[in-house]
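In the two assemblies presented below, chain A is common to both, partnered first by chain B and then by chain C.
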Partner chain A sequence: MLRLRKMMIVLLIACFGIALLSACSTKGSGGENAGAGGASQGTSAEPNKGDGKKVEIRYWRHDFAPEVQALQKMIQSFEAANPNITVKMEVIPYGDYETKIRTALAAGNAPDVIGLDGPTLAAYAHQGAVIPLDAYFEADGNKEDIAAPVLASLTYKDQIYAAPLNDASIGMFYNKKLFEKNDIELPSKDPNQAWTWEQVLQAAQKINDPANKVYGIDPGWGLGEGEGSTFVKLPFIWQAGGEILSPDGNEVKGYLDSPESKRALSFFSSLYNEYKVAPKEIPPEAFETGKLGIVVNGPWAISGFATSHPDFKLGEDWDIAPLWKDAKQVTPNGSWNMAITKDSKQPDAAWKFVNWVTGIEGAKFWYQETKNLPARLSTASAIPELTEYPMNIFVEQSSKFAHPRPVTPAYPVITTAISKLFADLGVSGRNVDEAVAEAVTAIDKALEKYR
Partner chain B sequence: MERIGHLLKWIVMIAVALISLLPIFWMVMGAFRPRQELFQYVSLEWHLFIPVEWTLQNFIDLFSDSSKPLGRFINNTLLVAVSVTLLSLLFNSMAAFAFSKLRFRGRGVVFAVFLSALVIPGEVTMVPTYLLVHAFGWIDSFRALIVPAAVSVFSIFLLVQFFADVPRELLEAGKIDGASWPGIYAKIVLPSMVPALITMGLITFLGQWDAYLWPLIVINDESKQMLQVAIATFTNLQATEWGKILAADTVASVPILILFLFLQKYYVQSIVNSGIKG
Partner chain C sequence: MKMNSAFGKQEERAAWLFVLPAAISLALFTFYPMLNALTISFKEYSLINPEAVFVGLANYSGLLSDPKFINSLLHSFHFALVVIPVQTALALGLALLIYRSSWVTGLFRTIYFMPVVIAIGVASTLFKLIYNQDYGLLNSLLGFFGAGPVSFLSDPNLALYGIMLLGVWKSAGFFMIIFVAGLNGIPNDLYEAAEVDGATRAQKFVKITLPLLRRTLTFVIIITTMDALKIFVPVALVTGGGPADSTTTAVYYIYKIAFQQMEMGYGTAAAFILFVIVMCISIVQLRLLRTDVEY
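Let's turn to the complex of A and B:
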């Protein structure tokens, strides 16, 4: 019996040891965080509304160093201007950002402000996870200054649920050396003089040389999954004159399977199967290493290429043309936004922060720091660089030709179905009618729940 | 005839070893290349594996980035992995000892309930565990990582298999000499189970070292983040920093390789033992 007791004591000591260890380490790291960590547990646990009292806003976003650094600067200036509010930003790896947010929302432990990718908005809004911002926008949000297609992409059931950090658009990036080598006339840099699908196909055919590992075109970021992949592929359907859903977002039949949509899908499939100008398997960074003639990409890639491949120079080795067109000229839009969650106990302070970052002055600073396509008209007119090549292409496209992705809580199903549809057509050259019917059934089933 | 068989066996084994080692070799060599040439060589040639231009820049970038202190992440991960391993060695071995050697009412039922937990995937229990940990107020602290991992059904099951091999006579002899059950556990069973414990410890440590989803969910403060989650941040929406990822993976593999180097003798031994015992 004595032995047993001794044993228990040892056990207890072990337990305490571990508890102490972890407690110490929490304190240690909180201290290094300039006291921010220490204060957090107190304020976030209980509601705090007093005017004189310090309020802490927790803010989660996905990790991307240049943007995180820009936000750190904005948080500093915000805290200086609002001494009773502190902002604690926590960054999360992009790949599992949604997993983390959803778990925290399920536990009622979500931060005050979250970064939100445009197409996920409706799902969060539908569940009541984020709150409408209309009243705030009326008061001091300068709503009229936000580009109309962007605002449309943030509106679910006539209410605005997020404030845009920036917009996004894509263009046709081409390898100038490969064009010149194959005697292809270079495409115009004028946003109103976009190439047609046929012109793009002809150029890709001339460049394509699989024997020497040089490929014509990657029309839509490979054939993988993910929202980025859907984002760059959807324009094909819109360009042909098709749609994904009905304008009210309730019907997919008659839209995704319309003759126009099918023509777009057949064209996409033919690049891979009939003309074989698009490789089914592409080595990573093929464009930057000179193995690919034409790709789609966005303004973020300009600085991205400059840091990752400094010898691959804009203007010398590659250039940007407006995104191709067919029956219509259409480009995708929408990007990351900031929203306030239902778990926030101080939505007014949270809005102050959101408006600091996404408001008129904030948006200008955000552009200077990140070079992301602005969502506010005032930014576009205030900065000369945005009216010059290459940024003017993206700016003009998003004001004239932008088309928001469908705003519906079923969007997660749509993005999966669409990327699968394009992959089926590209990789295995499936029959277009069959593949579309399958996608329509999947999307229709998802829409059913929200009708 | 026997010689040909041996030769064949050797060839197959070398081929398997090469297939397993090539990706690791590519990773290590990739960590020493400049970014531009990482994907420059894609066909099977010499430079697919051997850098044209050797550089330490990836490692310099990795360790000089003050916003992502890798050393700190390694420390965090070591602290958690070692704590979990020690605690799980203690708790799981005691549980396994009880299930395999003690006779008490309901043992079969309790053990069956325990084992049935094996078929529940971790993703299913993730949200309930998160709610529990949240209710304890442990979110964003190492306790959330250590305590739920201290008991593992798989480890108990594994150890029960080994403990079953300890002859009852040995325990009875101990009993006759006046030892209590804890005494028998500590002085007779544990010393004869060192290879099994090392195997379990290794598996636990490796699991913790590579843990990703759970730390991602429960840790918010970046300064408390775990290694694998930190490495995942090198892939973002716009780009993947391959050089840094390969360098970080190389660094992250070193402790595991060292551990295996010293402990593989026991590891192999326990697998062999459990395999041919019967």
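Let's turn to the complex of A and C:
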């Protein structure tokens, strides 16, 4: 009896132990790709596969349906052209994307190729998380074909760390029906004839009708956080003649708190608090459903609206004008890129894939599929519709008025501080001087480490 | 009872063996990561670069003078100070309504318990829709009664209360069940004796129910305090810490520092400060709520 019980106990413990061990071992070999992981496969799996040097490139990017579909097609053609390389793409929801990449990098099991948003590049490069691509660009990357402001945004300490998928720019999207209903003169479609802040404000005031849930303007994608939100808000500061950082990227004092910058911030705040033409809370899809007169958005939204709201037609219900100006006409630039991580065991094969997607031919295909603003000059000249409305607005803006975001490893802090600053002014109606001083202190503290 | 025979030794060994799996997994998945985190908190440690520099107490001293961290702590305490009494009173009230069993109370128990079963992610997403200023259910209802729109998502003075409402709605049912168990544990003859002595309902509640419920109450309050100070998911999903950081609680701030700004060392130090605070509060609560009343 006693013996039996003892045996049972031993058995039980053995079971527990096995369960525990197996739990550990999956953890040890690295996440969901344990078995098929590219990094480990390069060395250990060779004998198993019949045809010698077959390698797998792992590629992570954020989710955006049209782009993912385009990439699936490009991966197919790439694999057909390079039978010894397979590409495993994983698509991650936008909100989780950066966190997932960063934890993977921390754990040392990042994929070979990652999608990298322009402004985070310096932080990744500074920490050596992604590798410089200069040698590859010299060999077969056609570097001279990439637009200069784009290349500048990908260069950290004189080295290029990513290959651009496309560029980005934003314009003023307006609801034509609401403009006509309120007898407002339509803005020009000529990229050199942008509206001034005052003209935009006047139009927004005429349209604004909160009682009927129709609002004048959403000047910068709401007041939430996220890089997209910062991207569309920064131009206000540049347009007024202000800057975020000094040209060398080391100082924030005297730039973000300059009178010009503060004027821009006061104007932004007045849209929410003084004139109340911008809603503090925007209903979902407000523009597409005719509840909002003016928004900022980029070329990607043209195909986006066409699929999500086919009845909301460009040219009939809405149109695009160049982004507004103040003392200067300035538009933001920079977008998503592809970079190779330090964890990649086969950077040459990874570059082959990156160059397939972002090279001269790839860039043309990418434009045809996604209609994103091209980063390569050859694409812009090869495709006629890029010189016609509406794409010509974005193309001309990005060649004449583009301003890159600050390239500094402190950018993750800057983007949070800036979106907090705009939210402080918009939603809480805080005093401009106080709110700016707080943002400057936060950014200054972050810059200190890299001086 | 004293164990001195071979049998006793064997039993003892068996006991250790039984403890072993739990001890190993605790050590491996709780204490080892905690120790590691403690060392990280003394380093300047970037999330994407494991080569860290030892900086001593710099992270801790930086945090104590960081207004954003202090503010996030204040938001957490504000949240806890409102949620603990309201949620506990509500849970106790609900429990008093339904603790005697009949088919009606069974029905209501299920209804009150329902929010606990709903995944917090789902509940948060739903509340975000409900709170929408223009099209949300809440403001449609308020509008029906002629009350003005409440902007739980965009008014910095209100947003935290929106999160509190969600938190209380979600958890009250769970603590209600704990209270029901506590209430059913109180012997009925005490009430009968009190009735014989002519005690009113209120007297019975204050003199019998509350003192004998003290153990349950201690448990509920301590768990609620810990949960409240660690609130994260609804903040991340409903408001994202906004508007203008008004709902950035301590844990959400830590998440932002560690994963968005990649300052793992600084974030970990903040987590340890929060850990120490929560532990101290729990110890104080345990002392204060200690009871000698038994039944």
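In the analysis below, the second predicted complex is superposed on the first by the 399 of 451 C-alpha atoms of A that agree within 3 Å, B and C clash if a C-alpha of one lies under 4 Å from a C-alpha of the other, contacts with A are read in each partner's own complex, and residues count from 1 in each chain.
Assume a residue touches a chain if its C-beta (ideal position, glycine included) is under 8 Å from a C-beta of that chain, and two chains touch if they have at least 3 such contacts.
Quick caveat: nothing in here was measured; it's all calculated off a predicted structure.
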Could you tell me if A:I92 is touching chain B, chain C, both of them or neither one (first, second, both, neither)?
first
When the two structures are overlaid on chain A, which partner does A:S308 contact: first (chain B), second (chain C), both, or neither?
first
Just to be sure I read the superposition right, which of the two partners does A:V68 touch: chain B = first, chain C = second, or both, or neither?
first
Once chain A of both complexes is superposed, is A:W300 in touch with chain B (first), chain C (second), both, or neither?
first
On the A-aligned overlay, A:K213 touches which partner chain: chain B = first, chain C = second, or both, or neither?
both
Using the touch definition from the top, say if A:K276 reaches chain B (first), chain C (second), both or neither.
neither
With the two structures laid over each other on chain A, which partner does A:A106 touch: chain B (first), chain C (second), both, or neither?
both
Does chain C touch more residues of chain A than chain B does, or is it the other way round?
B
Counting contacts the way the document defines them, which residues of chain A are shared by the two interfaces, the one with chain B and the one with chain C?
6, 99, 103, 106, 213, 283-284
Report the residues of chain C in contact with chain A in the complex, numbered from low to high.
7, 10, 14, 17-18, 20-21, 24-25, 28, 44, 46-50, 67-68, 132-135, 151, 153-156, 240-246, 256, 259-262, 264
Listed in rising order, the residues of chain B that touch chain A in the complex are 35-36, 38-40, 42-43, 67, 76, 79, 83, 87, 90, 126-127, 130-131, 134, 137, 139-143, 146-147, 180-183, 186, 213, 216-217, 220-224, 229, 232-233, 235-239, 242
Which bits of chain A are touching chain C when the two form their complex?
2, 6, 9-10, 13, 16-17, 20, 24, 98-99, 102-103, 105-106, 108, 123-124, 127-129, 213, 223-225, 280-281, 283-284, 412-413, 416, 420, 423-424, 427-428, 430, 438, 442, 446, 449
Quick one: in the complex, what on chain A touches chain B?
1, 3-4, 6-7, 11, 14, 18-19, 21-23, 25-26, 29-30, 32-33, 37, 45, 58, 60, 62-65, 68-69, 90-96, 99-100, 103-104, 106-107, 109, 213, 228, 283-286, 288-289, 300-301, 304, 308-311
